[in-house]
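The two complexes that follow have chain A in common; it is paired with chain B in the first and with chain C in the second.
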Partner chain A sequence: MLETILFAFFALTAIFCALGVVFHKNPVHCALLLVGVLLSLSGLFILLSAQFIAALQVIVYAGAIMVLFLFVLMLLNFRQDPDVLTPGAAKGFGFLFGLLVMVELLWTALSPNGGEGGGLPAAPPLPADFGSPAAIGKILYTTWLFPFEITSILLLVAVVGAVVLAKRKFA
Partner chain B sequence: MNSVMPPLVAYQILAAILFTIGVVGVLVRRSALIIFMSIELMLNAVNLSFVAFSRQHGSMDGHIFVFFVMAVAAAEVAIGLAILVAIFRKKETANVDDVHLLKG
Partner chain C sequence: MDLALIIESAVKVLVVLGFTCVSVILIVWMERKVLGHMQDRIGPERVGPFGILQTVADGIKLFMKEDLVPKQADKVLFFVAPGLSIVTALVAMSVIPWGDSVELFGRTIMLHVTDVNVAVLFLLGTTSMGVYGIVLGGWSSNSKYPLLGGLRSSAQMISYELAQGIAIVPIIMLTGTLSLAEIGRAQAKMWFVIPQFFGFVIYIICAVAETNRAPFDLAEAESELVAGFHTEFSSMKFALYFLSEYANMMVVSGVAITCFLGAWNGPVLPGPVWFLLKLGFFIFCYIWLRATFPRLRYDQLMSLGWKVLLPASLLNMAVTAVVLVMKG
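The block that comes next holds the complex of A and B.
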């Protein structure tokens, strides 16, 4: 029961904050509402017994990535744009396409056969250390070691690329 | 705490709604920064879906995928915002409709 109440609370917060991100005029408010979405999702991750991912969500997303967003906001000094939405037919097309995506995703989520017939099996009993940093670390450094190393190279390339792009004078 | 409560489908519906809001944000907003935020919204919706399925199947592989998605998102934001700063320096705008250097 408590879990259902918490789920409803986090889900509604996430949805309203997400709507705010898309439709608010002031970019700084959009960024802060995005932090609201990220924190609610972190609460949902805890409900799903993913403690490590919840902590990562707060540290990496709500911490590092949002600081980057706010830093660029302050650096570039965006003026408040009264005409925030794209004009004319493109806006109507955007909402129409959003509606189509929504219908399609809900259709998939609600289809009773779970896609391949026979519905989902009952959830197996969880191991005691499900979602703990130790358990995730163990599979990350054994089964998923190679993707992990590739990710480190990706981050290195991103750092070098960001420095090059930021330093270079364009014409 | 064996069964997933609330049921998996509730998480899937929430993920679908958040993803749709992100799609609409990318399509209807004109500020490149807000478009980036909407992309983050979509990535997070997918992450929620991953974690919910991971819980349902009792396997932690979904958590690993979320981990990688976060790393890719961090790289994407760093590069994207660097490009945004470069464009802003040259054109004094972050409006995607005003950036049409490659338009034929």
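The block that comes next holds the complex of A and C.
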């Protein structure tokens, strides 16, 4: 019961904030509403007993990345952006793809034989330490070691690239 | 869910909230008194015995002041920003353990509001959310100095958050847990400041910078930026920023005590008393630092954070890992 109420709360907050991100005129407010979306998603992660992911969601996305977004928005200082919904082709494509994704999701969720295996499979019982930092660490450094290292190298390349760009003299 | 648990949690939340707000009053008085004596003055002495009610008088004064809002300010965010600041500070207080469990009315009561199993990450999360209160306060005022001050202090907080977080990682490696209560319990025999002395030093420097206190109080360098991000805030909005600064000092000191200085462990006296004594000592050091050191320049601050503290904390983590593996 409590879980349902909390789910409804976080899910509705996420949806309203997401709508706000799209429709609000002020870009700084949009960025903050996006923070709201990320925080409610973190709440949903906790309901799914994935506390570690929830904490990382807050630290990395809501805490670090969105602050940098805010910095850029504040320093660019465009207070009003009248063309939030770009008219014409972009708008049309946006609605088209959004509709496609929604139809696909509904089709998978509702049809008893959607997808390959027949509707949504029943969730398997969770191991006791599911979602704990130790369990995630173990999986990350054994089963998924190779993708993990590849991702690390990708991030390293991005860091080096950022430093090179920052050092280049434009003049 | 049983009723007793709800009552217990409610009482603990109220106690921690009340304690935080009351101790801020005491800390502000202590700061003015200690600073006064260090500068060969007496400090406040008129209101109450030893001037102890000075902060209360100041609080009432702030309460009666007109609440000014700049004409061009972003009304909603100008209202929300101080609240964000204080909420993140108070929420962080909830995971700090004040002592081991006690038996009361036949129930085992843990002396912290909640012990989430990712408490350390929870703390890092709330401190990173605390940046928003400052950066939004600076931006929403729509005025030059607050914007510069807000950007400055949030850049400072983001930079020092990294080294601060990494300085705690060796503690997690030593104890194998992210729960602050477990970390406290692991220090019954030896305080972690002994094996992790460098981590402790790094953490303390970062903690002072993280709370925007002297000698890292560049956000409110009067000679350059008036009062930094809270220049335009008056009345209770200013009081909320003030409250959150001191509450944040208590949070980072609480974490330092829990992770390095043996949490509530100590001889003879009960746990919470030891915790409070250590907390008082930390706050005294904060004031001592303020009375002693001149303010750093902004580029010195940044190079200290990124070129000294961050590599040092990474090195400390790597050395700890190697030693732990060699010991098996």
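Simple rule for what comes next: the second predicted complex is superposed on the first by the 146 of 171 C-alpha atoms of A that agree within 3 Å, B and C clash if a C-alpha of one lies under 4 Å from a C-alpha of the other, contacts with A are read in each partner's own complex, and residues count from 1 in each chain.
By definition in this document, a contact is a pair of C-beta atoms (placed from the backbone, for glycine too) under 8 Å apart; a residue touches a chain by one contact, two chains touch by 3 or more.
Keep in mind the model is a prediction, meaning the values are calculated, not measured.
Of the two partner chains placed by the overlay, only chain B lies in contact with A:A50; chain C stays clear of it. By the touch criterion defined above, A:P27 lies against chain B but remains apart from chain C after alignment on the C-alpha atoms of chain A. Within the superposed three-chain model, A:V58 lies in touch with chain C and out of touch with chain B [touch as defined at top]. By the touch criterion defined above, A:L145 reaches neither chain B nor chain C. Judged by the number of chain A residues each one touches, B leads among chain B and chain C. Using the contact criterion defined above for the overlaid structures, shared-chain residue A:L38 touches chain B, although it does not reach chain C. In the superposed model, A:L19 lies in contact with chain B only, and not with chain C. Of the two partner chains placed around the shared chain by superposition, neither chain B nor chain C is touched by A:V160.
Applying the stated contact rule after C-alpha superposition, one finds that A:F130 touches chain B and leaves chain C untouched.
On chain A, the surface touched by chain B in one complex and the surface touched by chain C in the other have residues 52, 56, 64, 75 in common. Across the complex, chain A is touched by residues 1, 74, 76-77, 116-118, 121-122, 124-125, 128-129, 131-132, 135-136, 139, 147, 151, 154, 158, 178 of chain C. Taken in their complex, chain A has these residues touching chain B: 3-4, 7, 11, 14-15, 18-19, 21-22, 27, 30-31, 34, 37-38, 41, 44-45, 48-50, 52-53, 56-57, 60-61, 64-65, 68-69, 72-73, 75-76, 78, 81, 83-86, 90-91, 93-95, 97-98, 101-102, 105-106, 108-110, 120, 122-127, 130-131, 135-136, 139-140, 143-144, 147, 151, 154-155, 157-159, 161-162, 165-166, 168, 170-171. Against chain C, in their complex, chain A makes its touches with residues 2, 26, 28-29, 32, 35, 51-52, 54-56, 58-59, 62-64, 67, 70-71, 74-75, 132-133. The touching residues of chain B, counted against chain A in their complex, run 1-6, 8-25, 27-31, 33-34, 36-38, 40-41, 44, 47-48, 51-52, 54-58, 60-61, 63-64, 66-68, 70-79, 81-86, 88-90, 94-95, 97.
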